[in-house]
Each structure stands twice: as C-alpha cells, then as structure tokens.
Amino acid sequence: MKKQGNRLLVGIVMGSDSDLEVMREATLSLEACGITYEMTVASAHRSPEKARKYAESAVARGLEVIIAGAGGAAHLAGVLASQTVVPVIGVPIPSTSLGGLDSLLSMVQMPGGIPVATMAIGRPGAKNAGLMAAQMLSLKYPEIRDKLRQYRDKMRGDVEKKDEAIKKVRK
Amino acid sequence: MKKQGNRLLVGIVMGSDSDLEVMREATLSLEACGITYEMTVASAHRSPEKARKYAESAVARGLEVIIAGAGGAAHLAGVLASQTVVPVIGVPIPSTSLGGLDSLLSMVQMPGGIPVATMAIGRPGAKNAGLMAAQMLSLKYPEIRDKLRQYRDKMRGDVEKKDEAIKKVRK
Amino acid sequence: MKKQGNRLLVGIVMGSDSDLEVMREATLSLEACGITYEMTVASAHRSPEKARKYAESAVARGLEVIIAGAGGAAHLAGVLASQTVVPVIGVPIPSTSLGGLDSLLSMVQMPGGIPVATMAIGRPGAKNAGLMAAQMLSLKYPEIRDKLRQYRDKMRGDVEKKDEAIKKVRK
Amino acid sequence: MKKQGNRLLVGIVMGSDSDLEVMREATLSLEACGITYEMTVASAHRSPEKARKYAESAVARGLEVIIAGAGGAAHLAGVLASQTVVPVIGVPIPSTSLGGLDSLLSMVQMPGGIPVATMAIGRPGAKNAGLMAAQMLSLKYPEIRDKLRQYRDKMRGDVEKKDEAIKKVRK
Amino acid sequence: MKKQGNRLLVGIVMGSDSDLEVMREATLSLEACGITYEMTVASAHRSPEKARKYAESAVARGLEVIIAGAGGAAHLAGVLASQTVVPVIGVPIPSTSLGGLDSLLSMVQMPGGIPVATMAIGRPGAKNAGLMAAQMLSLKYPEIRDKLRQYRDKMRGDVEKKDEAIKKVRK
Amino acid sequence: MKKQGNRLLVGIVMGSDSDLEVMREATLSLEACGITYEMTVASAHRSPEKARKYAESAVARGLEVIIAGAGGAAHLAGVLASQTVVPVIGVPIPSTSLGGLDSLLSMVQMPGGIPVATMAIGRPGAKNAGLMAAQMLSLKYPEIRDKLRQYRDKMRGDVEKKDEAIKKVRK
Amino acid sequence: MKKQGNRLLVGIVMGSDSDLEVMREATLSLEACGITYEMTVASAHRSPEKARKYAESAVARGLEVIIAGAGGAAHLAGVLASQTVVPVIGVPIPSTSLGGLDSLLSMVQMPGGIPVATMAIGRPGAKNAGLMAAQMLSLKYPEIRDKLRQYRDKMRGDVEKKDEAIKKVRK
Amino acid sequence: MKKQGNRLLVGIVMGSDSDLEVMREATLSLEACGITYEMTVASAHRSPEKARKYAESAVARGLEVIIAGAGGAAHLAGVLASQTVVPVIGVPIPSTSLGGLDSLLSMVQMPGGIPVATMAIGRPGAKNAGLMAAQMLSLKYPEIRDKLRQYRDKMRGDVEKKDEAIKKVRK
C-alpha cells in the first residue's frame, strides 16, 4: 500500500491572483485531507508558455492532480488538460456580467478526447475541487480515504447541529 | 506497481435504458484503455434504494470510479456521490426541451462537500467520462497511462489526416 | 368531516440553516391558515440517510405534506419525493451565481413518475409553498378552506389600500 | 374514511386542442390511479370568461384538483388559480422557439399569494401532473394511496427489467 | 381634426405599489406629451375581478391606451388585453432572481389573437411605454405628434451636449 | 368620425424575403380587419438608406403604423423607429441557432426614447402584429374596432368548437 | 500603395473537418474579395502543438489575418490569439445541445489583454469572418476596399430584387 | 513602410456618456500602443443622422478603425458598420437587468454581409477593443506591432509577478 508522505501531489493553477479568494476554498479541502499542494498563477492567454510548460512537466514533477480556476472564456483548464494525462479539475470563477455561466460553459463543454472534471461555479466548486482531488488520490493512498470519511462524518454532524438549532428557533 | 488485471474497476450507471445511446461512448473510451466495467440501470427517483445500495457497496465490490448519466433534474450522479467516496463522474444527458442545460446545471452545481466531476452534455461528455475515469485510474495503474498516451497520439494523428484531407478539398 | 386538531401536518425541510431566511415565509403562510408544522435541516447530499428516513417515515408520523427548500443542484425535494407518496412542494432557493435558475431547473424538471410541486424562486415561492400546502390540506379539512378564503379576502383588501394610496400620490 | 366513488374529481384544462398530445399523459396517470376526470379547452386570453367561470364554479361542481396546460406566455394556470382555492397544477407546454423556458417561467414565477404547483416541461410534466393530483387526493381517499404504491412498485419493476436488459447488451 | 382637451386618455395599471418606482417613468413621458392619465393598482392574481373590470370598462370610460407593469409571472398585461380591444402596452418589471427575463417572456410571448405591445425591462421600458402611448394617440390627436417631435429634437440636443462634454474630457 | 376608405395605412417591412413565411401572418390579421397594407424588403444593414428613407417618408405617404420583422441582431424595427414618430411594431423572427432569443432581445431592449412595440417570436407574433396595428388604428377608425370585436367573437367560438371536440375524444 | 499580389494573406483554421460546412462561407467571402487563403485543421485540445506552431509562425509566413472556427468549449481562437499579434477572427460553430451559446461565450468573453474578433454563430458568422478579414486587409491593400464596395453594391441590389419580388407576391 | 505619424486613426463612438466609464479602457489600450483617437457620443436611436454621418465620413476623414460601445438593444455598432467599410469593433456595455447578454447578442448576431468584430461584455471587452484596433493597424504600421509585442511582454511579466506574490501567500 502506497504512502504519499509529504510529496507534492496537487497543483492549483489560476488565471489571475484575483481568483485566489475563490480558490482558497480548494486549499482548505486539501489541508483537511492532509494533501500537499502548490499554487501557481498562469494564464492560458497572457502567459500561454508558462501554462503549457506547467502541464507538460506535471508528470515529471510528480503532480498527480491539477486544479484550475478561471473565469469568462475560461480556457485554462482545457489548455492544461490538452498537455497532460494528469486529471484536471476545473473551477468556473464567477464573472462580473454573466454570473459565471460563461465560465462554466467554456470549461465543461470540452470536445470528445480531452476531459475536464468540472465543479460548480465559485466557492462551493473550489471546495469540491479539493475534495474531488482527494477522492481521486484516495484510489492510491488509503490514508486519504480515511480522511475523506472523517470529513463526511463531520459534515453529517454539522447538519445535525444545524437541525437542532433550527428546532430551537421554533420553540 | 499495481496491476489492474481484469478486475472490474468502473461502474456505469444510467437513469434509463434510453440513455444507453449516449453512454455507449463511455464504454468505447474504457475499452480503448483496457479497463473492465459494468453497466447498470438505476434511477435516483424511480428506484432510489437500488441507486443507494449500488453506491454504498461500491468500495466493497472493488469499484474505483463510478460514471453516472442522467437528464432533466439529473440527480443520479449527486445521489450516488453522497453515498460513497469513490469519485463519481457525471454525464448530463440532453433533454428534449432545454437541450440539456437543465441536466448540466442539476449535475454540476453541487453544494460544497459532495463533488461530481461533470463532463460536457451528451456524447462528447460520455466519451470524456470514460477517458477521465482512465486518467484517474492511471494514477494507480501505470499501464493505463500508456494506453492514454497512445490514445492521444492517435487523436493527434487523426487531426493530421483531416488536415491533409481538407487541404485536398482546396485544390 | 375531518378536523385537523393540532396534529402536526406539514414538514418543512431545508438543505441548510442559511435557507431559513427564505423558508420562514412558508411558516407565516401556514400559521395564517392555522396549520401545525415542524422544521428540519436535512441535506440530500451531506446527510442522505437523514433525508431518506425523514421521507420514509412521513406517512407513519402523520405528515400530510412536505415542503422542501434547496438551492444550486437542488436535489432535496426530488430525493424526498422518491421515498414517499406524501406530496412534496419544492422551493428553489436563489443561488449566488445564477440567481436560482439552476435551483429551479434542478427541482422542476423531474422525470415522469416522481412529481415535485415546484414554486417560484425565493421568498414568493416559500410563501406560496405554505399556501399550496394549505390548499392541498383544505381538500380534507374544511376549516382550512375557510382560512384560505379569508386570506384571499385580505389580499384583495390590501390591493385596494395600495390602489387608494397610489391615487393620492398623483394628487 | 372517504370513498371517491366515481365522482368527477379532477378537471384538466388546456389552452388549445393542440396541447392534447402532451396532456394525454396526465389522463393516463389519473386512469392508473382510478381517478375520474374531465377535459376542457379554455384559453386565458381567447376565452377569458370561460376560463374564469370554470375556476369559479370548481368547488361547487365538486372538483378537487385542477390541472392546467399552457405554452408561451402561459397564463392559464395562474388565471385559474386566482379564481379558486382548489389546488392548480401547471404543465408548461413546450414552445416552438424557446423550448418551453418561456412557458415554465410564466407558470412557476407566480407572485406571493397565488401558488401554481408547477411540473416539468412537456410530457414528463403532464404525466407527473396526474400523479401529483393523485398524491393530493390520496390525503383524503386512502384507496388512491394504494394505487400510487402499486404504481411505484411497477416503476421499480420496470427499472429492474431495463437493468437486466442492459446487462445482456454487454454479453 | 380631433383635440384631446383634458380628457383622461391613458390608464397605467401596476400589480403592486412597489412597481411605482419603475412606472413613474411612464408618467414623465406622458406629461412631456401633454397627455392626461390615471394610475391604478390591480393584480391579475390577487384582485382578478378588479383587473377584469378595469379592462372591460376601459372603452366606456374613454380610455384609449392602457399601460401595464408587472414582474415575475407577469400576467397583468395579457389579462387586461384579453378583456378589451384598447391597445395594451406592457412593461416587464425587473425581478429579484432572474433580472426580469421571466417578466419579459411572460409578457411578450402572447399567443396569436391577443397582442401586448411589450417594452424593454424596467425604467427604459416604462419611459418608452409612455412614448409609445403618445405615438399611438398621435394618429388621432395631431397636437401630440408635435409634442413627440419636440421631444425627439430635445433628445438629439442632449446627445449633442453629451458629445461636447466628452470631447472636453479628452483635452 | 374618420373613415379609412381604402387608403394604405400599414407598411410591413422585413429584412429578407425569407421572413415572408412568418410575416404573412400579419397580412392575414390586417385583411381580417379590412386594413390596406404594403410589403417591402429593406435591411437595416444591407440597405440602410432604403430603410431610412422608408421610415422618413412614412408620415408624408400617409402610413399610420409600421410593422417590422427581423431576426438575429434584429435592428430593423429600432432603426425605422428612430426615423419616424409613426408607431413601429416589431416581430422577432426565429433564428437558426438561438431560437429567436437574440432577435427578441435585440428588438425589445430599446433604450429610453425610442420605443418598439415588440410581439412574440415568430408566427404568433406576426399574427399579433397585425392585430395590434388594428387596435392602434381603431382609436381613429371606429369601423376597425367593430372588425376587432367580430374577430374576438370568432376566436371565442373557435375555443368553444375545440372544447366540444375534445369532449368527444373522451367518450 | 501596397499590392497583395497573390500572396497568401489569410489562414482559416478549424477544430475539426466537420466545421468545414460552416467555414466554407468564409472562403466564399474571401474569394469575392480576391484574397488568397489556406485552410488547416488544428485542434486547441487534440493537437495543441500544431495549433500553437501555426499561430507562432503566422507572422513569419506572411499571414496577416487568422480566422478560427470552433464549437462547444471553443478555445481555438483564443489559443491562437494568445500566440500571435496577427488579428484573430472567431466563428462560433453551432453546438448540438446548446445551439452555439456555449461556443459564442467561450469565444467572445476573452479576458483583457488577448482579443478575439467574434462573429455571429454559424454560417452568417463565417461569411462575415471573411468580410471582416477583407475589411482589415483593405486598410493596407486599396484594391480590396474596391472589391468590398462592389460587394456591398451587389447586396443592395439583391435587396432591391427581393423587394420587387415580394411586391409581386401581393398582386 | 507606412508611418502613422500623429494622424487620427481610431474613432471611439458610444451611445451615451454613461458608457464612458467602460469605454475609457479602450483609450488606455490605444495610448499604450501610441495610437491617436477621438471620442464621440452618437446614438443609433436618439441621433441616427449623427451616427450615420459619422460612419459615412469615416474614410474621408482618414479613420481606419471604429470602436463602438452600446448596451441593451445595442444597434450602434451594426448601424455604423452598415455605412462604411472601415472595420467596426463592438463593445457590449453591461445592462442593468440582463447583465449584458442582450447587448452581446444584439451586437454579435449580425446577418451575413455586415460584420461587427465583437469583444467581451464590459471593461475587458473595451480594453481588448483598443488592442484589436492596434492589431488591425499593425498590419500597416509596423511600429504598432512593436508596441503590441512590448505590451504582451509586460502582461507576461505581470503574470510572473502575481505568481511570485501568490507563492509567498503560501509560506
């Protein structure tokens, strides 16, 4: 059985530092599962070479999952996915004018051949990107599966606490 | 290094047998990567127990990835994902009236905590679901990574052939 | 002719306590019609067993209508409806990015076999969920029909008052 | 305990006879549950008096549920609902240009005060309208509850048959 | 040639007094064209009789144009139009969740037979409703045509002033 | 009281002869009301001078209403409206890719100052454009009001016939 | 004054040979303006190197405009644009499920820094891509401006012919 | 080889001075590339003659590119484009109710024959309009190509700086 140790397993890439506010949710999920990650700003459009090289070298650098956040004509996840067989998880960043529908469609509607595992728009999507990365890695690293189960137990407990609180509201 | 042998690794679940036409694309991708799978009809709404038990027993049965196709208020992927930490890949099936926008939003807009790795609407999405499953499994089974690279080489070759064909059109 | 007495007839379920702000409108409608209700937090995704058991035990517990509020990939109403023949009324909670269009489509586009009686997005929908529950119950409990008629008379009176006020604006 | 006998309990109203193709699904559901119904063509716009009088006289005529199908600026369900406290179930008929999104929004986005229990666009919605009517009536008529349970058992059985069929496809 | 004198020619109807903020724009346009109007709150759903009687008596009361503002499932304009041959101009009021797309579609997608002259969503639409009423009335009352021409001259002048201002910005 | 005689009162303009199939519905409505009209092909983009001169000369030529049909970036109605105070009724022609949502928004979302009386997308909208023109003209020509009332009576009669037919279906 | 001679000035790139049906319209426009072009199949996702090298070498090869057609998550135009300062014109290819809204948003919503000159969805857009390329090139090559003016004269003439034809329809 | 000197090459036109906030981004891009421009307020609807004359005289006045910003039923770019063969770049201004989807569709969905080079909604689109103008002009004026390359180098550098900053966040 494999151990991840503290090797760097997940690369989080975002098109702009303004995406950090949303993408930080992904880091919290990864930390909750004890997974080591790095963060990079690379734009599919403004720094295409940087984005390309990041994806091309992912396998060699030992990255096992890439999480990409981008908004508007959100090409970053697809561009990274086209350069590597490491699974790429996409987070559509909300856009000013269309609320992120553009980001979502640009990311999820990939042509046959190059998949991007697309999450919900915005913070819930970023949170889930970290968890999906953990679920993928848990295939190989059983200790992550344990962390995921604890995470889910905690979620169930939180629902229970909210349920108790809402029942008091009514009294 | 792990070998998958011919163990059953991927479960494809669909809400109705009418989804088979779309979901068959996923089976072609899996076969191209030498991955063994099973197919099941289970509806989140019409047979909720069956769907739940499928997801709950996934780990015990050795399934490492679940692919779920559903249309309209497409709850199947989310319902399966809520019952297991095995990664669930969702394929929005095109709907008669809204072209699959409803299927897509019902699938991708999952709340923080339970991710579904959502693919494009319809056939390209089903094809990519198979490939994304292969990419996830390739983290653990290196022979799948090789298959994926061959698959991509072939795709590149196909583009080249189409390019040659289109250049002849012009003469 | 039946009397409801003060039996608990309506269960209001919401995916998160943050939905309470919207769902409180449903409680006001129920109170206006003299109907006893309870409130529960249960998530289709984060606490699926809790949601399932709630629906499964609804008939035995004497619940005659369930109102469910959820946002984004709003599966809660459908998941509850799949587990009981008690009518389920759905309230799409507005979502941050898409204004609730995702919540609406995830709730209303149910496949043939399992209906969800879907209301408008947000507060007007929650208010109407309470009234629709009252209309359903009025089939059996005539005193609720009387309350509904008084409610409508009051609404008509409110329109009249607003009409008078607007006419003064113009003088 | 009440018996419905063969009293007329459900009125199906549609804006045009061209909606019959979709609305017939509602009649099949009602027949499966042993519920007596009538069908009427009345347009909120082309014959407003007829629509109004239908709703106004519903209680006196013993109708306990109204099902209304309409497309485009689909006002019929709301117009009926504004004239009676009998619960109104709405079926958005698919429109030629916008696939029924206009029908859906015109029907579901009712203002606080007058609810319409909205179903999915088109045939699945019409089928579910009949079932939702049956679920409402089952509060009062226990024999309908039994029919509904048989209906759901049959649905589960159908899923099972499709599952067996799809498994043979793979051999 | 006809003179309007100070007869009441235009009725502005709105579903709620909260629509006044938007609909006031219509009154400004009418006043600019010297047209006398009245304002009424009447809801297609909460006070259907009031709405119906308003439309039915419009011709007898000498109204020559009706302007109706409503939001969400915006049935008011269509309901009025179904009861009178006086032309009805509709203003879709912006809705909280969907920005008024629901209001627009509910108003404009009228079935063949009963037209509503639909304007833009919100304030520009309300302003234009007053101007369209004036354009209709100008067919009969030539003095309104003169006012409209002055109005347009003033608009052109305003553009000219803004153009001059913007040119100074650059210096 | 005015008589229209057989003066030409309505100009129907369309961007392309391919729009004739839809716009013919407008001619049927006008003919039913005994209104004389002409048809013109003029494109806001491909023949802007022709479109402009048409609108500029409308008053001088005695036209009292203009009906304009256009699709996609449907500027024709707005361009005509900007050149004349004759009321312009717009018919959004369905577009190949977006079903006419683009045509509708391009036509209805006019800025404050220049209204276009927008009808439904496609044939029902064209039919209603003819009727709305008749309603506008009926302010001045009482004989048109009579025709409109006959038209509505006939519609009501048609609903009655369809209602009878549907009742026979059920026997 | 520059002459283009028969140098190759425009490169048409498409993601798949299935896009040829739409993109052929661009070639007709270019031929009408006497502009030499080449056609290439290169996919942003399936053959990213080929796409990149095409764009990188565009200036060196003397290309002055690139036209790119792609559908779904249509990244091709943006990916090319990120690699060259040659202007890139994008044609959104209609998609099966969403009619090309996804293609349009993926193409037009480019982030600040890297523009794509986006045309209409489908054939009209492809036709206009050729004309926009000609308009750009006409800045430098006056003989193209002459061709464009002839093209517009012909369009105006075509409108005139259609107008005559439609007038005969009415007789 | 041509020099632009300080001739006026680009005309920026907007429908209202309220669009200046967005359109200023275009001026910054042009200034960064050393291109001289002018700004004009002209409305397709409120001052159609002014808009028409601006476009008609563009070639004579030496303008080589026009940038047009407009919102809602955004006809300005199309109206200008129909009057000149100078390339017109369109910037959809965000609208209050629909976030600019109306502006975008009204601008981009031009019929075959008259192209508008459409940019993203709002500020990023305005910024890119200036850059696209520069890219077009760089075909003729090589010194602009140099400026564009410097601009891109700077963008790449900015990404690098943001990347460094984000890496410090993590330490």
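For reference, chains read A, B, C, D, E, F, G and H in written order, and residue numbers begin at 1 within each chain.
Note that in this section a residue touches a chain if its C-beta (ideal position, glycine included) is under 8 Å from a C-beta of that chain, and two chains touch if they have at least 3 such contacts.
Note that this is a predicted model, so its numbers are computed, not measured.
Student: Shortest hop count from chain E to chain G along touching chains?
Tutor: 2
Student: Which neighbours do chain D and chain G have in common?
Tutor: Expected: B, F.
Student: At the chain A/chain G interface, shared numbers over all numbers used: above half (same) or below half (different)?
Tutor: Same: when the shared numbers are divided by all numbers used, the fraction is over half.
Student: Could you please state the distance in Å, as a whole number, between where the Cα atoms of chain B are centred and where those of chain F are centred?
Tutor: 49
Student: From the mean C-alpha coordinate of chain A to that of chain F, what's the distance rounded to whole Å?
Tutor: Result: the chain centres lie 52 Å from each other.
Student: Roughly how far is chain B from chain C, centre to centre by C-alpha average, rounded to an integer in Å?
Tutor: The mean C-alpha positions of chain B and chain C differ by 36 Å.
Student: For chain B, give me the residues that contact two or more of the other chains.
Tutor: Residues 16, 43, 46, 72-73, 98-99, 101, 108-111, 113-114, 120-121, 124, 152, 155 of chain B each touch two or more of the other chains.
Student: Name the touching chain pairs, would you?
Tutor: Touch list across chains, by label: A-B, A-C, A-G, A-H, B-C, B-D, B-G, C-D, C-E, D-E, D-F, E-F, E-H, F-G, F-H, G-H.
Student: Which of the residues in chain E come into contact with chain C in the complex?
Tutor: 14, 16-17, 20, 38-43, 46-47, 50, 72-73, 96-99
Student: Going by the contact rule at the top, pick out the chain F residues touching chain E in the complex.
Tutor: 25, 64-65, 85-87, 89, 104, 108-115, 117-121, 123-124, 127-129, 131-132, 135-140, 145, 148-149, 152, 155
Student: Can you name the residues of chain G that touch chain A in the complex?
Tutor: So the residues of chain G touching chain A come out as 15-16, 43-46, 48, 52, 71-75, 78-79, 81-83, 95, 98, 101-102, 105-111, 113-114, 116.
Student: Please give the residue numbers of chain D that touch chain B in the complex, ascending.
Tutor: Residues of chain D touching chain B: 94, 99-101, 120-122, 124, 152, 155-156, 158-160, 162-163, 165-167, 169-170.
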